[in-house]
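Each in structure tokens, the structures are laid out below.
Next come two complexes, and both contain chain A; in the first it sits with chain B, in the second with chain C.
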Partner chain A sequence: MNQKKTKIISYWILAGPPLILFLSVILFPILFSLIISLSNWSGSGSLQWVGLKNYIEIIHDRIFFHGLRNNLLIVAISVLGQIPLGFVLAYILYRKIVQREKFFETMIFLPITISPVVIAILWNQIFSTSGLYTSIIRKISNNPRYVVSIFENQSLAIIPILFVILWMYTGMYMVMYLANLQKISPSILEAAEIDGASESQILLHIIFPFMQGVIMTTTIFAITGSLKSFDLIYAMTGGGPAHFTEVIAIYMYTNTFKYYKYGFGSAVSIIIVLLSVGLIFLLQILSRRLDRKYS
Partner chain B sequence: MKKREIVRLFVLCSFCVSTALLVGCNKKGEEATTQESGTITLSAYHYLDQTDKTTAPNFQALVEAFNKKYPNIKINFEFGYGEAYHTKLQTLAASGQLPDMMVVYPGKRTAYITSEGHVQDLRPRFSGHESEFASIALKSQGPNGEMWEIPEDISVTSIMYTNNKLLKELGLTFPKTLDELIAQGETIRQAGLIPISMANKDAWPMQSCLASMLAERTGGMEWFDKAVKGDGAGFDDDVFVRALEIINFLHEKEMFSPGINQLAYMQGLDDFVNERAVYFIDGGWMVNNMVGELSDEQKEYMSLESFPDIPNQKGESGSASGVAGTGFGMNSDLSGEKAEAAWKWIWFYSGPEGSAIRQRFGRLPAYNLKAPDDVDPMIKKLINYVGSIPMGYVLDSVVGAEGIGIFNNDLQEMMFGLTTPKDVASKLEEWVNENDRSN
Partner chain C sequence: MLQSKNLWKIFSYFVMILFSILTIGPLLWLLYSSFKPHAAIVRSPLAFPSGFYVENYIRSWRLGKLGIYFLNSIIYATVPTIITVFFAMSSGYAFSKFHFRSSHVLYGIYLTGLLVTVHSVIVPLFILETRIGIDNTRLGVIIPYIAFALPFQIFLSTSYIKGIPDSLEEAALIDGASYLAIFMKIIIPVATPIIATMTIFTFLSNWNEFILVLTLTSRVAIRSLPVGINSFAGGMSRDYGLQFAALVVGTAPMIVFYLFFHEQLAKGFSAGVSKE
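Up next, the complex of A and B:
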């Protein structure tokens, strides 16, 4: 057997099973979803083609756009909140700017180890009308009818959820950044310090270029994760009241599994895929520009 | 064997293994349907919250009694609750793996299986038992009068539970009219209490427990029948808009629990049993919980009332909304002795024996039973209440899941001032007109 054939065999042995798994688990459901999205299938019975009717209905639905707006806010809090904050925290711990860094590392990472449903119950216990915060304010203000009104405001109701998302997931990015920062050879930093580089110069000219790939990867995680947000919000508010905290995934779930509109729900899921791909594509353009700048 | 063949064989094996893993060799999952030493095994999917400390032991007692009576029938139960129950049931239906028996609704809620022919019409088996059941249980469940399930109980969805001790302490009596009720609000709030405890975070209680009853009051049953069928009346009629205006009015006058649309469902009951609220509007099923939650003394002064009369009322005074309860249905594929065994369970569950067991635990069975003398006082009150009131429809039993889901959320929006009763009513009529005039 010549080397070329051995290479081909090795390739298929290694790549064959994962490729089949990928086609079955990832590509097939997406394609199947795409087909279903062009029908009015109700989960059972016959399937009738309706063309782009589901997509047209979606883009005329204000609830979808409110959900999309909430999703984009989650993307924003993830990309502009969790990632910079995670990086800053990792940098502080890496450069040992605070003492007892192991303790802080554990505390910041702790929320991500807890189930989103438990987190949702925990924060509900604090903010609900029978919860801790409301009870304290009712006592202090002597107003037994006090409630946290932000939850009843169409535009602002998502804010407490954004706060919980920021609190919960920042630790994950911090650990990812910290692990990568620790890969930087200390001798490089020592050499820079000996050469008289300031902290900001070290950060801008050594750390950032080294971390660029990781930041890119985590940003993709943040975007795709944000567009799929479901469990925490569903357990916390169910998308309510009156769709105020609804996100696209809840919109999809409601239409698919509560109203039995599998075709419609599939169309929503395809839109989520397209949004994810679109945002990642934009991010890659941005990344290439940054690459050129650093090179 | 040549190398190329080895590669092909490997790829083929990989594909087969992956496919087998993904599709799942479901032999194990298939319910045993064969007879083993004379025992008939059935599968059943039950709607039950297994953490419910009243209902779960009740069901267990019922199963034990059945097993004692029919030792040759073995039923493997699976449990689901809330939306998860419906999601799984529909998935089972879509994949052709429905169990032998499953809990179904008399109305539209489980239309996803009943209207698709997955459930047997039980009328031929039920025939002759009609006089043994409350009349509300015998209402048609399908478009041709089908009976998909034998209702286990009667669900009165609108009862105004009243704390008469608090009323007396505040110098008040139960109001005869809506105006009198509103007038009591100030006195009750000043005492630091909630006038009407309701929890509407899940959005359905306002529709099921108040709006449905008000619709019958403002329009009367004749109008309601016509509106459901689209026969010269609709949900955008003034009478229905008026029902929604009353909800808005009660909300504006701060009659409901503070933050009603943020309150988790059981919080409404909690405020009432802990005497933080004078009235509590919810369904008859709450008596089930009150049996365990209220003290003997409380059970004496708590009463079950109907919502007061409203101005220009066309419906009947003292009416409530109600619907026949759920019950077990039988898979349409079942035949022979398996079908006979399934019917034995269904009849045991909803017939005299199961009903007597459920009654002991605080349910109001659809089967006509005389209440035993030692029954809990709250159950006695519920039986007397249901026996004395005219009953209207519950909207979620006559309007499909999507329409009612939209309506429930619209009610919340209306209370936040984002939409008007007229718009909510028009939207419901529009949906029903387009999708649901099949009643």
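Up next, the complex of A and C:
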């Protein structure tokens, strides 16, 4: 009895303090966020209930939908760009197809360690009129007046940002895949090679099935990460010009902290959470379908 | 057969070299441009500097108050990291070795927390901090840093501690050691590898964090380096030389950090998705 009591007390000494901190910073604010999203609170004064008015206003806002579209493009470049590319890069390093693989691994992973804000300002400079990219294109094309004008196009302005995102985060997936590939027993691959299996057969029949679970997990990471994208775009364009590069997180931030529409901003936050839960749910249904097809 | 192998090789070198150029090129350009005065950068962006113009560094450090930001970044990267790792270890021990029914529930709550983004709680968090009066203080930054790092770190620590054999703990219990003594004297020393990984990983993400500091603070004296550097992007400075120097100050520590802890950092990124 006494023994059991000390066990319980020890348990709560170990797990209690972090739990209190976690619940008060995350769980409590989320519930609070739900409540504010049903009001038109402006940060001071009393709450005034407006029901679903904020949500209705959001789904009638064209800026929100442009932001959503940009977000979905970021999801697409992450899931269809970073993940396959990261896999291919990891595979090349794993199979030692190139020499100096440590050097290449370092170069691809390095951008991850740099602050997104620094990356954003740096690439902004590269694309600017006196930037690295602009100058090189001017030299190559022999056109001293060349400028990057893509940011002025409403539907294309997001492309340079997608490029930076692809460059910046692919290394993260590469490292995850590489670590897991290294767990495959080399004897299986040797046996397959002796049996005369080609590179693509090894990839398709041995490596791919082994990595399926990992690919699934990284895809979930990619989706939640994409919906969160804020830092890079905030520092690179701030969502501008004229909301062309806006994403939902920036839309939320501007409405809340610039226009003091706390209720409206909270509603946008809730939508971000619902979207990421929904996308992950969709992904799980898709992968279950895929599993059934395989077996 | 030979042909397809060669094609693979050519393709592989092509992507690897392309990525390397994309990483080295911008960083190299940034570094040497930071030693050129503004006018020289605008006039000939590609040219190497004619001398070592260190004025950019001196002025951006002073004008941009980078010293204060740097100090704050060090505080925000170290203090919450130490607490996070300690909390994650204690929770991990509780969840993996005590076998209580509540441990599954609590562990589940943390795992769901992985899905919660900073953005979805930032508004109420900001209000909450204003009410308690810890907005615009270092404490108000440190607490959320710990809370947001916990889910992933607990995920790592729990799965690691699960792998530590129960016999170690049982022997100590028979010898009359308390649970807390076991935690400090057995679990922590045995878990050193994962502690190293967790520390480096958390340190890096705290160092680069941006939105929490941006929204929860407005006083220069408690803001961090990314927020400080961001002010160079806006109206504060149209001087590219100053901006580049500030960017180098923001980048260099992490590149040095990366070169030192490269292996552990890669482990941290891969640990979370490992297939058992």
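By our rule, the second predicted complex is superposed on the first by the 247 of 295 C-alpha atoms of A that agree within 3 Å, B and C clash if a C-alpha of one lies under 4 Å from a C-alpha of the other, contacts with A are read in each partner's own complex, and residues count from 1 in each chain.
Quick note on the criterion: a residue touches a chain if its C-beta (ideal position, glycine included) is under 8 Å from a C-beta of that chain, and two chains touch if they have at least 3 such contacts.
Just so we're clear, the structure is a prediction, and the values are computed from it rather than from any experiment.
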For A:15, decide between first (touching chain B), second (touching chain C), both and neither. second
Tell me the contact category for A:241 with respect to chain B and chain C: first, second, both or neither. first
Have a look at where A:52 lands relative to chain B and chain C in the superposition and call it first, second, both or neither. neither
Is A:188 contacted by the first partner chain B, the second partner chain C, both or neither? neither
Going by the contact rule stated at the top, is it chain B or chain C that touches a larger number of residues on chain A? C
For A:178 in the superposed arrangement: first (chain B), second (chain C), both or neither? second
May I ask you to decide whether A:146 touches chain B, chain C, both, or neither, giving the answer as first, second, both or neither? first
Tell me which partner A:282 touches in the superposition: chain B (first), chain C (second), both or neither. neither
Once the shared chain is lined up, is A:76 touching chain B (first), chain C (second), both, or neither of them? neither
Once chain A of both complexes is superposed, is A:257 in touch with chain B (first), chain C (second), both, or neither? both
Both chain B and chain C touch chain A; at which residues? 8, 13, 17, 21, 24-25, 43, 124, 130, 134, 257
Contact set on chain C toward chain A in their complex: 1, 4-5, 8-9, 12-13, 15-16, 19-20, 22-26, 29-30, 41-42, 45-46, 87-88, 90-91, 93-95, 98, 100, 103, 106, 109-110, 113-125, 127-128, 143-144, 146-148, 150-151, 154, 178-180, 183, 204, 207-208, 210-211, 215, 225-227, 229-230, 232-233, 240, 243-244, 247, 250-251, 254-255, 257-258, 262, 265-267, 269-275
What part of chain A is in contact with chain B in the complex they form? 1, 5, 8-9, 12-13, 16-17, 20-21, 24-25, 42-45, 124, 128-130, 134, 144-148, 151-152, 154, 238, 240-243, 254, 257-261
Complex contacts: residues of chain B adjacent to chain A: 3, 6-7, 10-11, 14-15, 17-19, 22, 83, 86-87, 90-91, 93-94, 112-113, 116, 118, 189, 192, 200-203, 254, 257-259, 261-264, 267, 270, 401-402, 405, 409-410, 412-413, 416, 418
Note which residues of chain A are touching chain C in the complex, please. 6-8, 10-11, 13-15, 17-19, 21-22, 24-30, 32-33, 36, 43, 85, 88-89, 92, 97-98, 103-104, 106-118, 120-126, 130-132, 134-136, 139, 167, 170, 172, 175-176, 178-180, 183, 198-200, 210, 213-214, 217-218, 221, 224, 227-228, 230-231, 234-235, 249, 252-253, 256-257, 262, 265-266, 269-270, 272-273, 276-277, 280
